[in-house]
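As written, the chains take the letters A, B, C and D, and residue 1 is the first residue of each chain.
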Amino acid sequence: MTTHESQYRILYRDIDSMGYLYYSRYLDLFEMGRVEWMREEGFRYRDMEADLRLALPVTHAKCQYHSPLRFDDHAQIHTDVIAWSGTTLCFAYQIFSQERQELCATGEVELGCVDLDQGRPQRLPKALMDTLTTLLPQRNGRRKQEG
Amino acid sequence: MTTHESQYRILYRDIDSMGYLYYSRYLDLFEMGRVEWMREEGFRYRDMEADLRLALPVTHAKCQYHSPLRFDDHAQIHTDVIAWSGTTLCFAYQIFSQERQELCATGEVELGCVDLDQGRPQRLPKALMDTLTTLLPQRNGRRKQEG
Amino acid sequence: MTTHESQYRILYRDIDSMGYLYYSRYLDLFEMGRVEWMREEGFRYRDMEADLRLALPVTHAKCQYHSPLRFDDHAQIHTDVIAWSGTTLCFAYQIFSQERQELCATGEVELGCVDLDQGRPQRLPKALMDTLTTLLPQRNGRRKQEG
Amino acid sequence: MTTHESQYRILYRDIDSMGYLYYSRYLDLFEMGRVEWMREEGFRYRDMEADLRLALPVTHAKCQYHSPLRFDDHAQIHTDVIAWSGTTLCFAYQIFSQERQELCATGEVELGCVDLDQGRPQRLPKALMDTLTTLLPQRNGRRKQEG
């Protein structure tokens, strides 16, 4: 079981004039989910940048919107790794409203790895690879992305 | 030719600590693109909300990231409608950096239509349907979305 | 004792290319602080909008920046009401980094009250006035604002 | 005459459920204003970071809100330097709605200067000092800030 759960209460700054969480903000919640996922698996994104000078920029993102989140709703973000390779990492997300226990959005985000100084593609950091190899050996393999 | 072009200069607030445009902000640029597209085709999003009490919430969004946009870059957003039906409208985007004439991102966003008072699905406003029928008869048909 | 405390972990989307929390985002944390303050005092901002058709737009805001918050820092937001009148409410904030126990920013935000339908000035909702009268009778009086 | 003018059309992502530009976003417009001010005076913020490894973090910000900006409004941002010293730079702003020719907000932002590597206070870059000395000798002197 490698799904992690994060919480976020929707702020006024996050919603639009329909009163809904603005559509790009779901990707912000996805970020929160994957940083928490990594932290709980013993890998701190911040240290990777500081110590290894590596970053994990997004290469593909998608989101399907099922039901709106509103101001003051408690969002539950369920995050899991669904595929990984030596150079890519793919997260899947489900976002629920806690009060209504309703699925509000689903999504996927694929990350690559670059060095911060040159911006050149690199292999994922060893500590992260070790975690993935131990935790999710069966999900090794890059997820096919469109385009 | 129904591709419209918008401009946006990347602000400091938009970038992350890699110095790149943060990944969810591309979806904000997509919004800019479609509002401009509609305005140039004679349809004002704002008036639709005020006069018809209708809104066009996003149902699906995806983005592929090719090359980063950075602080102070001029982004060119190319926007086109690639499919539409009585209840859906699908935009495709290409974002270029003006200085480097480089393709930075591509994406698609599908919108539905709801009334603002109940949030119930509605048909697209007639004025918008008329524009689409005249302008893009050959793209009538809903684009298959995953999930 | 009417100071309330909220928590927020700084996301990648919140920081700039210096690696610091972007300066306008402190005002977003202030919002989080005052919504929590009201909730803990028994007053739900969301219900006020839905039931009374009233909102509390900001009339003045200021922030002094002492020490930067960074990605993945835990921000502690201390919120208190420092003045109120029949038509205004003024919050003061202190934001600390939890890890370093350092004062990062201080600020003040004054709110007015308007009806959502016309945007006309109104008196604060009675439930909120009752709370303020009971809790903070000695802070009754509008805080002088510049300009 | 050292007031510069920038334009920004308010996006859906920028507004809140009152339909108003969210209060912290005015500070984003202030940023746009000062980057443009510097560019027009021959000083590129981006180059300063890249070439000199210096940045200009905000030390004080304030904003007074007179009348709301709404979705699709054209904001005019008037930016001027009102004070400067060897280590500080203070901008004043007026934001108007172009359609209504109405003053919507006024504000001030004071910047300091730090090196990007250590985050230590530094003197303003010489090129910027030269510009200020030539352009605004009479405004030399730090503006008194509260707190």
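Things to note:
Throughout what follows, a residue touches a chain if its C-beta (ideal position, glycine included) is under 8 Å from a C-beta of that chain, and two chains touch if they have at least 3 such contacts.
All values reported here derive from a predicted model rather than from experimental measurement.
Distance from chain C peaks, on a Cα-centroid basis, for B. Of the two chain pairs examined here, A-D and A-C, the one linked by more C-beta pairs in contact is A-C.
Annotation: 23 Å between the Cα-based centres of chain C and chain D. The mean-CA centres of chain A and chain D are about 34 angstrom from one another, to the nearest whole unit. Computed centre separation for the pair chain A/chain C is 29 angstrom, with centres defined by C-alpha atoms.
Chain C has residues 12-13, 17-18, 24, 28, 31, 49, 71 in contact with two or more other chains. Contacts from chain C toward chain B in the complex involve residues 12-13, 15-19, 22, 24, 71. Within the complex, the chain C residues that touch chain D are 17-18, 20, 23-25, 27-28, 31, 49, 55, 57-65, 68, 106, 109, 116, 119, 145-147. The touching residues of chain C, counted against chain A in their complex, run 9, 11-13, 28, 31-32, 35, 44-46, 49, 70-72.
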